[in-house]
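You will see two complexes here that share chain A, one where it goes with chain B and one where it goes with chain C.
Up next, the complex of A and B:
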């Protein structure tokens, strides 16, 4: 195998596929990247058996062939190379791959391509969706998914497509995000699946860097392929029943407060610095004032007040500062609406319309 | 786990350890005598409170047969002219703290067991303070001079033997057991001197002809195991003066537990389950008092033949609500009770403790309301005693 590419192309391509490289697999070949040089082009692939990514590498193939390089060291080498042309060459009968750039020369141990698992290749009819609307929905919902593998279904995002909208739902059981977005879509009828949040966040990262306006999606029974700008991302789907999230959302709330988005977000960020080690962020609504405060033992305390329209009974409620901040940040409007029932019932964060809802369970305040 | 390893490695290496057990003599009563010198020479009994039992009796009162844990009613019958006091508990804590502070000067390895006793690991302190025997004599004298209280001291190579030694010649005892002499030291002592040998076990041991600790050594360990389960095995080691436990300075609480030994063995599931509910209520209340939440719950079952089983379950996240633990405890008990013997003891414990977060779950929106109930009950119990209010399902004892 012999191919010629540039440092920048190599770094970018490795950067894309690297996210699918298995970090803790005991299978050595999964910690590598497959380089497949064919007369019609070069493709790099990586997989951790949950997510697989295939990306094209711009370059010239002098002699077709394929091999697997260890991902971490290959990336470090690529980044360290001088700018300009890079040649990768493996001579017949050798296991080493030679990486050459300028006067630098690396001989890197490689693994045979035959050891690399065959990547799943979903076949069937795909459909396209508008990229911007899809990614916006991902970015506002997926962060609420759980990172705790003990309840796998919560590590996923429930996605529901129809011809005019996409709806995504994620919850880590402490907060719940629901977003319904109008989208241009060529889906037949409707489609629902639970996609790992990690997949969607990776997709968002990759897709935001390419020029295409649409993402092609090919669903199968237990996998979903996303294709954008020549890059393929294939993900396992999560099996199981997504919880009935609708019944978690109280039908009515007793209090609603409208607050300036940026002002409350910044106050929560600032005061939240003093809500450490499980300490809650306190919100107190009374006499047309919202007071945000926090206190951490052995650290100190913080307080900030802002004028609001509120004349009801005084209400004091506590939240995990990160959860509240994430909810407010996900509302991309000048005014954010906070709805409450009592300090012991969930609170709702939303914008003017109901297309995005963020429900969050409070932290009980000590008296 | 890491912390234990750290402490292990911080301990000085030595062929054997130098461990002392220090114990105030008739602690509460002695403090009362300091407070009111006219009490000296009279039988003084400190006790009362929730359970109505003797906490401490001074040595004069003990001559009448009064001893700690005895119901006050019995004590009054044995010693009608005694001076009965409910005690000054804050003062006892102060004295206790002064002793612990003093011990801290001699070793970083001080383990306070209760208000009136502590273990002290003096291994490796010879270069600083001289021979441990001299150090301990000095401590005993300082306690007398500075606190006007008498302590008894036992010095040995492990906690078990040190404790038996300090208990041997009370009051103001000073007993040293040299390395290698542990088994010989224990052998002539009555078997009930071993910590953990209570009246029930004692009568079973007497039935088997065991009177002294030495008699116990003659029984092959596997037979003890057969009769008393894991506890039997432990007993075999203790009888030989073996005890691997380290002196562990008090740190964060690692677990909270409560046990109940039935006066008569019980087979009735209703009684057993309501006992478990009451124990769980107590454990959870202490959990909330300490502002902790727990992930693991353990149920301990001891059958009439002393065979003991424990079973545990770990929750997906830490909790501090009674109702959650009731379900867990009853489920564990129903799974864990596999023999048809009656039960002599039940215990409930929680571990895997973390500082309470009170971050509740959207999927269980009832939980915060149940916790409010618990907190209200806690307030009532703090004010009027723990039996002031109980759930209907809980056995009051």
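Up next, the complex of A and C:
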């Protein structure tokens, strides 16, 4: 195999596929990147069995061939190379691959491409969605998914596509995000799947660096393929029953308060610094004032007040500061609406319309 | 399915059963049981290849090849960490088993030394075994099936592997390793049904030397004084342990390659831990094998003496030592030699239950000396 590319292309391509490299596998080849140089182009692939990524590498193929290189070292080498042309060459019968750029020469151990897993190749009808709207929805919803692997369903995002919009739902059982986004989509009828949040965040990372305006999606029974700008991301889907989120959202709330988005976000951020070691962030609504406060033993306390329109009974409710902050940050509007029932019932964070809802469980306050 | 089980010698029953299972639909759980060294693990990998292969077990495609080499992501090989297969391992498996296979037709978990589940692990595993996901198969491999929880064993289809017939071993040695016919026959007799021991005898000087040392010890033991017996015990135990160092360089080299490919420090630590476990496991295996060889060689020697004393020279195992046997044999010693063989068998039994090895072998030496006094 012999191919000629550039340092920049190599670094970028490895940067894309690296996120799918398996960090912990008893199978050595999975910690590598497959380089497949064919007369019609070069493709790099990696997989950790949950996500597989295939990305084109710009360059010239002098001699077709394929091999697997260790992902970590290859990336380190690529970054260290001088700017300009890079040659990758494996001579017939050798296991070493030579990386040359300017005066630099590296000899890297490689594994045969035949040892690399066959990447899933979902077939069937795909559809396209507008990239910007899709990614925006991902970025606002996916962070609410759980990282706890013992409940696989909660590590995923429930996605519901239809012709005119897409709805995403994620919850880690402490908070819940729902976003409904009008989207140009070529999907026939409707489609629903639980996609690992990690996949969507990876997709968002990859797609934001690509010029294309659309993402092509090919769903199959247990995989989903996303294609954007020549890059393929194939993800396992999560089997199982997603919690019935509609049941979790109270139909009515007793209190609604409108707050300036930036003002409340900054206050929550600042005061939240003093809510450490699981200490709650307190919100107190009374006499047209919202007071945000926190106190951690051995650290100190903070208090901040802002004017609001509120004349009901005094209400004090506690939240995990990070969760509340994430919810407010996900509302991209000048005014945030906070809705409550009581200090022990979940609170709702939303914008002016109902297309984004963020439900968050309160923390019981001890006094 | 041609080609899938060609490396498995002399296990027609087991291979027949597995071949039919691949043709007619496999169960979710199998228990591969039989003495050490007869090809259970190889058969488990071949069977897993058959389950994973898109052609139903062609034996030659990329899937089959990678499964047999332990390189396939859908085929997981599970071995004890330290002394046990632990609950954390099973929890992880239970969690991942529900996902469909990545590329193969099925997902297969092969448990080596499946008798080493600790009780928490066994209970956690039982849950999955009761309702295995449709695409999952479990293969439990053991040479000590009596140690499995009955509730686990009863949920597995039993596949019994037997000691390999001497004829089949001899054919294997000459066919595969090019050993001359007479030599192959001798080794086949000496190996007593243990194919991998036979292959080692044919290829490794260390293993042949080990046998010679043990035969000399068996020969000289009846005449040894008290002090000599202690020395003999030291020598015997040294021979048991002599091969433990063998595995280290290869596993260390494997670790070195893996570390070069590893991502972060945590992964490296994990790989190092795995590698240490592997060394310990292989050493434990070699030690068990060494003890088995010891009792096997001793029993063989005294059985041969019994045969010679009864005038049945044709039937001796250690044919290369026939003249020696004839020199040291005591006329009319049949009863005494049979007692000596029994003493060895008793030690063999005790060693299966992990009693202190040196103690068991020491007792065996004393009983042999008493029998042959």
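A few points about this structure:
What we mean here is this: the second predicted complex is superposed on the first by the 367 of 367 C-alpha atoms of A that agree within 3 Å, B and C clash if a C-alpha of one lies under 4 Å from a C-alpha of the other, contacts with A are read in each partner's own complex, and residues count from 1 in each chain.
Assume contacts are C-beta pairs under 8 Å (C-beta built on N, C-alpha and C of every residue); 3 or more make two chains touch, one makes a residue touch a chain.
None of the values given here were measured: they were computed from a predicted structure.
Touch criterion not met for A:241: it reaches neither chain B nor chain C.
Within the superposed three-chain model, A:150 lies in touch with chain B and with chain C [touch as defined at top].
In the superposed model, A:222 makes contact with chain C only, not with chain B. The partner that reaches more residues of chain A, of the two candidates chain B and chain C, is C. Within the superposed three-chain model, A:344 lies in touch with chain B and out of touch with chain C [touch as defined at top].
Of the two partner chains placed by the overlay, neither chain B nor chain C lies in contact with A:311.
Once the two complexes are overlaid on the shared chain, A:115 sits against chain C while remaining clear of chain B.
Once chain A of one complex is fitted onto chain A of the other, the partner contacts of A:26 are limited to chain C, with no touch recorded for chain B. Using the contact criterion defined above for the overlaid structures, shared-chain residue A:353 touches neither chain B nor chain C, since it reaches no partner. 150 are the residues of chain A that lie in the contact sets of both chain B and chain C, per the superposition on chain A.
Residue ranges of chain A in contact with chain B, taken from their complex: 150-151, 171, 173-176, 243, 248, 277-278, 280, 318, 320, 344-346, 359, 361-364.
Taken together, the chain A residues at the contact with chain C in this complex read 21, 23-32, 47, 49, 70-73, 109, 114-115, 117-120, 149-150, 152, 222, 236, 239.
Here chain C touches chain A in the complex through residues 62-63, 65-66, 69-73, 76-77, 95, 98-100, 102-103, 257-258, 260-264, 267, 270, 274, going by the rule given at the top. Of all the residues in chain B, the ones that touch chain A in their complex are 316, 355-363, 365, 368-369, 371-372.
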